[in-house]
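Before I ask anything, let me first share the structure, which is written out below as structure tokens.
Chain IDs A, B, C and D follow the sequence of writing; residue 1 opens each chain.
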Amino acid sequence: MTNHLDPIAAEPITPMARHLGIELTGWQADWAQVEVTLAPQLLNRQDLPHGGLHATLLDTAMGYAGCHTGDPALRQHALTLSMTVNYLAQAGGRRLIAQARKTGGGRKTFFAEGSVQDEAGTLIATATGVFRYRGAPGS
Amino acid sequence: MTNHLDPIAAEPITPMARHLGIELTGWQADWAQVEVTLAPQLLNRQDLPHGGLHATLLDTAMGYAGCHTGDPALRQHALTLSMTVNYLAQAGGRRLIAQARKTGGGRKTFFAEGSVQDEAGTLIATATGVFRYRGAPGS
Amino acid sequence: MTNHLDPIAAEPITPMARHLGIELTGWQADWAQVEVTLAPQLLNRQDLPHGGLHATLLDTAMGYAGCHTGDPALRQHALTLSMTVNYLAQAGGRRLIAQARKTGGGRKTFFAEGSVQDEAGTLIATATGVFRYRGAPGS
Amino acid sequence: MTNHLDPIAAEPITPMARHLGIELTGWQADWAQVEVTLAPQLLNRQDLPHGGLHATLLDTAMGYAGCHTGDPALRQHALTLSMTVNYLAQAGGRRLIAQARKTGGGRKTFFAEGSVQDEAGTLIATATGVFRYRGAPGS
């Protein structure tokens, strides 16, 4: 997969994402992509990826999608107000790829949508969210 | 806090929950409680608990709430169809407690709602979800 | 049912709610109740109450719950940012009663939850929502 | 706008949709479109389209999207299990157009997403939903 990560905007991913093995593999204006390789510690009681993993991937990707500034010294933050995740199918293969894009909003809040696909491109989960910007960019 | 865990129904928590340090501290018919102690690897870019953590707590608690059988040999499983998480406030203290209860449903699906409170009892997040039972209990 | 409507805070209900026959039957600080009598024009293809009716009842009740000022000259408005409705059961009888309460928030946004019951007290639907205050009260 | 309504699959719209002036203007496999002309009885306290209107448009469009059979004698029905609506922007002009498509699911449930645009093509609202099929097609 082509890496769509704008190098000048890269920054370390959040600690919880790192703890789960989630990597930021794409980040551009109004768009972000994160990925994870499935591992035993990401499963549920049924040996399937835990629903909290999809939620974490999607919250992460949607949050980044609304906070791209293109300048690592100018960090924009946001807080999730509400997020809905739909679980459409079970994943095949060993990797989950989440993409998200900002769909609207203004200076104080933004809306985003995201999806998780498996290695075969099957749509595994979708999400929408509302986020509140926190502080001014770079503050 | 009184432990409301029915000992005969206890079972190891899901691998992902364990990886995040989440403990099942209460499980009864139509009700479950999970808790986590905040730690650096559960935070986001802003040193706040990652939204994925609340989602994982709530998905876990709501899933257990609908799957209590009272008999560890008779395991009921469920898959999340949809979950919505609202983020109301920032947590104080070092511990998050999520409670969930089954609110309705039938043989094939169930509905649940849950909430996350911090140590001071402040309401941090709420959730609702729809789940699909998977197989018959014990199958 | 006791009428919990604070008379000094009463105001005509929204035009769309009136068009559907929805009545505001309770309104106090952080709480509101609306009701509707089922009629042929509120049904779907299956002669059941249309899912949009529950959504309208819940959006209306949650919106009012966050906007009570106690002073009809001091009107507080809000816009819905996001709403999730879960449909738990089919209604019996001829009347739907929706109650909602504000669960959190601050000066700019608020969170609410609501439920719809039928005449027998069966839980028919639940909702959560995030709302943005619009203007200052009375402005 | 080109009319995408498959004439052989047309049927009267639901009574509540008709009561609100909502028209079914497109219906094909896994896709549906409904429209409404704004009128005074569709507004809220602020003279804006009531949030319940968007919810009704989206519930209607998503429900139809999952129930197309191409044969008016073979009617497929569904019940909404859960729906989330996000309100992104205020509408300009006098007409709202909602489109929805089925995104996944199986024999018993389906998932859909939808959006509402105004006459200028501005994205006003988005939704996702989970639905349960009711009976077999034609039953």
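Just so we're on the same page, contacts are C-beta pairs under 8 Å (C-beta built on N, C-alpha and C of every residue); 3 or more make two chains touch, one makes a residue touch a chain.
If you're wondering where the values come from, they're calculated on a predicted model, not measured in any experiment.
Common neighbours of chain A and chain D, listed by label, are B, C.
Because chain C and chain D carry the same sequence, their contact can be compared by residue number, and over half of the numbers here are used by both.
When the interfaces B-D and B-C are ranked by C-beta pairs in contact, the top one is B-C. In whole angstrom, the spacing between the mean C-alpha positions of chain B and chain D is 33.
Mean C-alpha position of chain C lies 22 Å from that of chain D.
With centres set at the average Cα position, the gap from chain B to chain C is 28 Å.
Contact of a single residue of chain D with at least two other chains is seen at positions 81-82, 84, 86, 128, 130. Of all the residues in chain D, the ones that touch chain C in their complex are 11, 14-20, 40-46, 48, 50-53, 55-57, 59-60, 63, 75, 77, 79-87, 134.
Across the interface of their complex, chain D is touched by residues 81-82, 84, 108-109, 128, 130, 132 of chain B.
By the touch rule above, chain D contacts chain A in their complex via residues 84, 86, 88-89, 103-105, 111, 113, 123, 126, 128, 130.
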